[in-house]
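In the two assemblies presented below, subunit A is common to both, partnered first by subunit B and then by subunit C.
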Partner chain A sequence: MSPKAPQTDSAGPWIRKVLPTELERIREPEHEVLARMRDLGYDEDHRFAVRLALEEALVNAMKHGNKMDPSRRVRVEYRVLPAQVEIHVADEGEGFDPGRVPDPTCDENLSKPCGRGIMLMRCYMDEVAYAGNGREVHMVKYRRT
Partner chain B sequence: MPEAENPIHMADREGVKLVHLKASALLDEQEVEALGQALLDLAEIPGQRVVLSFLGVTHITSVVLNKLVLVQRRLQESGGEMRLADIDPHVYEMFTITRLDRNFRIFERDEEAVASFLGGAEG
Partner chain C sequence: MKIVTGTEGDCRVVAIHGSADVNASEMLREALLGAIESGATRLVCDLGRTDFICSDSLSVLITAYLKARGRGGFVRLANPQVRVREILSEMRLDRLFEVFPDVKCAAAVAR
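Coming up: the complex of A and B.
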């Protein structure tokens, strides 16, 4: 599945931010998304899931995508709606093939200190789709009551 | 870049190092690095037994999980082991999803984890 381009539609507007490649800048969109989710009454399970996935996506974009190059930027777009949370993260790196990331839960990989971020994103979000040769990821978490 | 504040408190319980984390969320890169380095320093001691308590910790990321895997590997290479305790249900779920509950013996409370090293409770 290819990610939907984050365009404003009748569901609601997107918030768009361009971040420098600095890990401490991750907090800003994270706090905003969580605050909006709290305002809309999302429970702790949903907030934990979205916080984790957003953080993993942004860390991946800065570390593995942009390789911590301060001249590169990360674009993050999100919208928190009553029924779902949508997040789109794009980096300026070389890209990668998400299908070739080894499964960290295989016995031979359990002792390897890497490769768990994407797996967690897929587990905690309802939709995770990559585009742009792995430089963009689009994630959706639906509200469940 | 300022040096990270020591993110852990460490105590000795009959040869078992009991490590508590000070923060409720291990997010800051430097904090995670400092935690990893402090635990890796323990792994330099042959046969070191470590209990890492997550009491009060409500959020971690894969960076922390990966660091713990590395520490466990180093400890086991030198005949030691790290056991975990006091893990919040959300954080515990991350261990089960990634199957890391197979890499670590996990206890409800730190006293039980310490006792397991001393021949007491089993996890």
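Coming up: the complex of A and C.
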């Protein structure tokens, strides 16, 4: 998938938020996305997957991207449609190469405490793509009945 | 999230009630690592009422596992529910941790 800048189109409008780099603030977009998913009848499995991936993306943006620098912001954009949930998260950090993150499920990495966020996002979302030198992540979860 | 601590046999039990999200991971860190620092190195983490766990809280579990093991003890997991069990499986952490159907089993099994 090639990442695209989110644009309002006939599928529906994007909700855009700019968050300070404060971990307590990630609940706000999480609650909004999950409430919208509940309204559209997404089941618990879908809501769990999106909650987990969104949390990991926002935590990565604040901790690893912005390095908890309070002067930096995190931009989150999402839209919850009847057939899919699309989320974009961008930080103001230095970026990174997602291809160079060690696989946490390899035997030699199993006991390393860190490095599972990206893999959880990939496990629980249908599409995960990075752009902007790793400063932006774009995720999609499709509804399956 | 709420942490409930207790004992089972000679094990310290740390039960996680609710969501072990990033904002709760520090509380979990204090509970588990605090127990180890105070000398309890045989720990059972009761996941029977844990409905969510993020990578930060998984990191805390792994750090506690390494510290307890370094002192001759263990951190065992008990009764993870379906979604948490799936995360443990996807991350292959069920190969790192011993996972038991309940707290009694986890505490009863010989080292």
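Criterion: the second predicted complex is superposed on the first by the 144 of 145 C-alpha atoms of A that agree within 3 Å, B and C clash if a C-alpha of one lies under 4 Å from a C-alpha of the other, contacts with A are read in each partner's own complex, and residues count from 1 in each chain.
Note that in this section a contact is a pair of C-beta atoms (placed from the backbone, for glycine too) under 8 Å apart; a residue touches a chain by one contact, two chains touch by 3 or more.
These numbers were taken from a predicted model, which means no experiment stands behind them.
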{"item": "Overlay on subunit A: subunit C relative to subunit B, clash or fit", "value": "clash"}
{"item": "First, second, both or neither for A:17, with subunit B first and subunit C second", "value": "neither"}
{"item": "Which superposed partner A:119 touches (first subunit B, second subunit C, both, neither)", "value": "both"}
{"item": "Touched partner set for A:111, first subunit B, second subunit C, both or neither", "value": "both"}
{"item": "Subunit A positions touched by subunit B in one structure and by subunit C in the second", "value": "23-24, 27, 45, 48, 51-52, 55-56, 59, 104-105, 110-114, 116-117, 119-120, 123"}
{"item": "Subunit A partner contacts - residues on subunit C that touch it in the complex", "value": "21-23, 52, 54-56, 58-60, 62-63, 65-66, 83, 87, 90-93, 95-96"}
{"item": "In the complex, subunit B residues that touch subunit A", "value": "27-29, 59, 61-63, 65-67, 69-70, 72-73, 90, 94, 97-100, 102-103"}
{"item": "Complex contacts: residues of subunit A adjacent to subunit C", "value": "23-24, 26-27, 45, 48, 51-52, 55-56, 59, 104-105, 110-114, 116-117, 119-120, 123"}
{"item": "Complex contacts: residues of subunit A adjacent to subunit B", "value": "23-24, 27, 44-45, 48, 51-52, 55-56, 59, 104-105, 110-117, 119-120, 123"}
